[in-house]
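Two complexes follow with subunit A in common, the first pairing it with subunit B and the second with subunit C.
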Partner chain A sequence: MKQFKLLVLLLILFAGCSGNNQKSDEPKKVAIVVSTLNNPWFVFLAETAAKKAKELGYESKIFDSQNNTALESDHFENALASGYDAILFNPTDAAGSVSNVEKAKKAEIPVFCMDREINSRTAATSQILSDSYSACVELGKLFVDTLQKKGQYVELLGIVSDNNTWNRSKGFHSVVDNFPNLKMVAQQSADFDRNKAMEVMESILQAHPQIDGVFCGNDAMAMGAIQALVAAGKSHVKVFGFDGSEDAVIAVSEGKLAATAMQYPKDIAEKAATFAHEYFGGKRDFPQKLPIAVDVVNKSNIDQFTAYGKKE
Partner chain B sequence: MDISQYRSKLARFQSSIALFVLCLALSILSDKFLTPENGWNILRQTSVNVCISVGMTLVVLTAGIDLSVGAVLALSGAVAAGLLKTGIELPSNDLFVGFTLLGTIVVGLITGSFLGFFNGWVITRFKVPPFVATLAMLTIARGFTMLWTKGYPISGLGPNFAFIGTGWFLGVPVLVWIALIVVVVAVIISNKTAFGRYIYAIGGNESAAKLSGIDIGKVKVLVYTIAGALAAVGGIMVTSRLDSAQPNAGMGYELDSIAAVVIGGTSLSGGRGSIMGTVLGALIIGVLNNGLVLLDVSPFWQQVVKGLVILLAVIIDKVNSKAE
Partner chain C sequence: MLSGGLKYALIVLAVGLLGYNSVYVERLSEYKSGVQKTLDVKAYAQEYLFKKVPQSVGKAVNITELISRVSGNPKAVFNAVPESRRAGDQLYFLVKGEAEIVEVAEEYVLLNSSGDSVKLKIATEYIFGNASRNAAGLISADQFDNTMDFNNVSEEINRLIRSQILPPFKKEARKGDTVNFIAALEIRETAPKLTDIELIPLKLVIKPH
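Now for the complex of A and B:
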């Protein structure tokens, strides 16, 4: 009896599958695979992609890789098996995600990378990239100007096993390290976390009460650092963030945060969805890499910006 | 006094000795360590972990474990912050429910208590191992936190709410007062009440406790409820301190809390340990976190050092318990 039930269940499953394959007038399905949903920036990226896909008349589903390439691989296999027609993809790791994209290519499902790139020029149909490294080069230049090329500063790193952490840090240092009078007195990790950043900053301030600037790998850490600085009566210290989150945009307009980098997740996600739409329409010649500009946001241009983008 | 007696005396004070040695070493290595301001920093930073770890100690004493405290902390804090910031709108009959500060805190605490109660219920009613039940709750509470916050932080909660996290009362930070009250109440409960004795009895030998007429299910459910409530207290503290409920708040706090319990000499197999040991354990972790940053030790090495300290604490504990 039990075996019979199982057989019926299997039959229903297969019937369901074959039904799926024969669709033609059903809406096409788009899988959105993002590295993590534990960070508002990526939530916004995924939601915008889903919204745009819906506007264009497609079904979509968001998959959360939880910063884990193995889980990401499962998502790709599931998406390919359940008949998705395109994948809008935010890779977890430049090297580790390549094989997943190649799997999709083999199955002739187009993949459009969003924000982060993969180390392959052939696997993805197109890569819409926002380059953390060059954004931090720009932030580094502003940092040098704001501190007038001298002083002591602190760097708060993100999660030390995350490649974004180091892209941002390296971009920043490629500029700032050329100025010998700018001295980094502490470089600590606060895991992209607001609470951790506040605690680490409180401790650093005990060891180095005389600092002039803080560079943070994301806005959440910048907000935490600001709270520690304000509590210690050191609101004159210039704090730099990265992301362009709602809290950060408000903090820049209030003069609490010196600057942040705006990466335009809305533009990236909408572009990726639009590319998928054009692909379904028959277009095949997409740019392999499409860089989306990153803007530095500070007091001088803050009135043009809102959370995660420009005011409309 | 023979050696084994001497040893067990020493074991009772091992956490205090470790904390003292650590503080001594750090004061020699950094002249910034032993200042009043840094002392308050450490106490403030430790207060959240102390609250969570007190609940964890009670759970571990019953030979259980609660992996959901970090996630419960996040959800309780987010619920309180969301209600304070926007209230609840009931679109069906155009009803808007606003919340007072006290109201949001109470609802936050009820949220945590309920999740803890649910843990205890699943564990006792269906005999699910605590590790599995609370691991499931970790995921469930994280999911609800994402649903409630939609993945974005809830910020700008106002100066009254921020007083809990940043204010001072009689020359001591409010956060430290909260931790102090939690510890005092927990010490009294665990040492002076029948309920406290039951907790130790269950962890020591569950079948013996059952035979002596203790309602094991009831005690366990209450213990997990307390752990949930204290995680919620931690959630309110963190949210108030940051003036913001972060969707990923409390990530990994269960590990810090288990570490505090273990370093404090409470046995993971239950029945043996104390609240004060855990407080010392939490302080050791807090001092270590602070000291490693003061000395600007590389973040890579910090992880290694913290892991080694936990390992050392457990090994010393094992050696001592064998001696007894």
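Now for the complex of A and C:
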């Protein structure tokens, strides 16, 4: 009897030790956790990642964090408990999302960040990030030329805890601040949100009715700002956005938006899914931060672009 | 009935397996590397621009030679650019050369280039972006916890170029002088523009006419 108990104990031990091994017949599962699905750009990012994962033979599910780190944390716990094998992740907060990624790392689940960054170079397996700073340097040069180096302008910032917000703002200011006749009369956050941007812009116009330009940290805010400006009879004001979303590309072609910066969410999402695929295949040496170039889009080159990318 | 020896061997194996799966060993050096101290951007940029870039002059490619190679077989040149000197479509080159100044304009100094079809300029007004940081291939995003620090390095290098390298050059440069330079060049892989080249200066030495 003693020997039987000992053998059972050993079998349990061996079973427990091999618990992390993959179930060989089932397709691997990929969780796609995105900051918000209330912005078409992120919907496109998530759906493209899901499509690519499916093409590569994996099951996937999209989780919406609704820009809430607590909800994002729940999604990570659910994904880990439900046996997902990789997470394609668009974080809500550069600092606040690090602990979620570390949790996944501890569970030996790779995390590939898409578009938004986390403040760590050890937690995620890789971070695929748009080069927002360089793009906003280019937008800044265009802004200076468009306003002919003089005038008053407003800046609408995105979510203040997101690094993209500051990389875009800093890239823009690294150029524009060198021109003393360009004066920023207001700088406020509108959380990357179209409706909030419209309200913020309406409020700013009360205090500063004479403005020549608006620089926005994303296209949703740019579209909100345009709505407020048109309602106030100031459609001559030059508005600049960032993202390359569908409505922004249309607005550039119609002359309502001076310029946007085309990020390539398709490239970012497909690269993240492909990295997960390579990870499953045994690859481990991924670049920690992989910058993806961004193109400035204005009336002069709009014929080369469509929503979320270049024309095929 | 198991013999006494086999019984103890199984117990030792069981304890060994339990122990192996209960303890996780991580190098302290790897653990520490995940914690970045506050970066002294000014000191970092100073060290890069005034020490590391001049030491890297051997890795710089002659600008005339680069133009010729890109004009002949751009794909071969671009494919050889390592990850540390590219950001997506943007490729960065550390270049060197010596040429006669043919015009001193408000925003640039025009140099005498070998080909009539090439306008070769040293930027003296618009010093922006990441070319100055990326050209030498010595600084990578992977070295920083966040890209804001990485971009702050570019801003500080550009500020040093504007405040320390350009003022004496702009004061002394005259038409007919020869300038010896190390510079950063940014080329778009999918749309290389070699007819109007603007270099971001990293080191400039004037040889008066």
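Quick note on the criterion: the second predicted complex is superposed on the first by the 237 of 312 C-alpha atoms of A that agree within 3 Å, B and C clash if a C-alpha of one lies under 4 Å from a C-alpha of the other, contacts with A are read in each partner's own complex, and residues count from 1 in each chain.
One rule holds for everything that comes next: contacts are C-beta pairs under 8 Å (C-beta built on N, C-alpha and C of every residue); 3 or more make two chains touch, one makes a residue touch a chain.
Given the structure is predicted, the values throughout are model-derived calculations rather than measurements.
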For A:Glu246, select first, second, both or neither according to whether it touches subunit B, subunit C, the two together, or no partner.
first
Determine, under the contact definition given at the top, whether A:Tyr133 touches first (subunit B), second (subunit C), both, or neither.
second
With the two complexes superposed on chain A, say which partner A:Lys289 touches: subunit B (first), subunit C (second), both, or neither.
second
Taking the superposition as given, does A:Phe280 touch the first partner, subunit B, the second, subunit C, both, or neither?
neither
Determine, under the contact definition given at the top, whether A:Gln188 touches first (subunit B), second (subunit C), both, or neither.
first
Quick check for you: in the superposed arrangement, does A:Ala231 touch first (subunit B), second (subunit C), both or neither?
first
Please work out whether A:Asn167 is in contact with subunit B alone, subunit C alone, both, or neither, and reply first, second, both or neither.
second
I'd like to know which partner A:Ala94 touches here: subunit B for first, subunit C for second, both or neither.
second
Quick check for you: in the superposed arrangement, does A:Glu117 touch first (subunit B), second (subunit C), both or neither?
second
Intersection of subunit A residues contacting subunit B with those contacting subunit C?
none
For subunit C, which residues count as touching subunit A in their complex?
1-2, 7, 10-11, 13-14, 17-18, 21, 33-34, 36, 83, 87-90, 126, 128-130, 141-148, 150-152, 154-155, 158
Subunit A to subunit B touching residues, read off their complex:
37-40, 43-44, 47, 157, 160, 185-189, 191, 193-195, 198-200, 202-204, 206-207, 220, 223-224, 227, 231, 245-247, 250
If we count contacts the way the header does, which residues on subunit B are in touch with subunit A in the complex?
30, 32-33, 35, 37-38, 41, 44-45, 146, 150-153, 155-156, 166, 238, 241-244, 246-249, 251, 289-290, 293-296, 298-300, 302
The subunit A residues in contact with subunit C across the complex are 3, 6, 9-10, 13-14, 16-17, 94, 117, 119-123, 129, 131-134, 137-138, 140-141, 163, 166-167, 170-171, 174-175, 287-289, 291-295
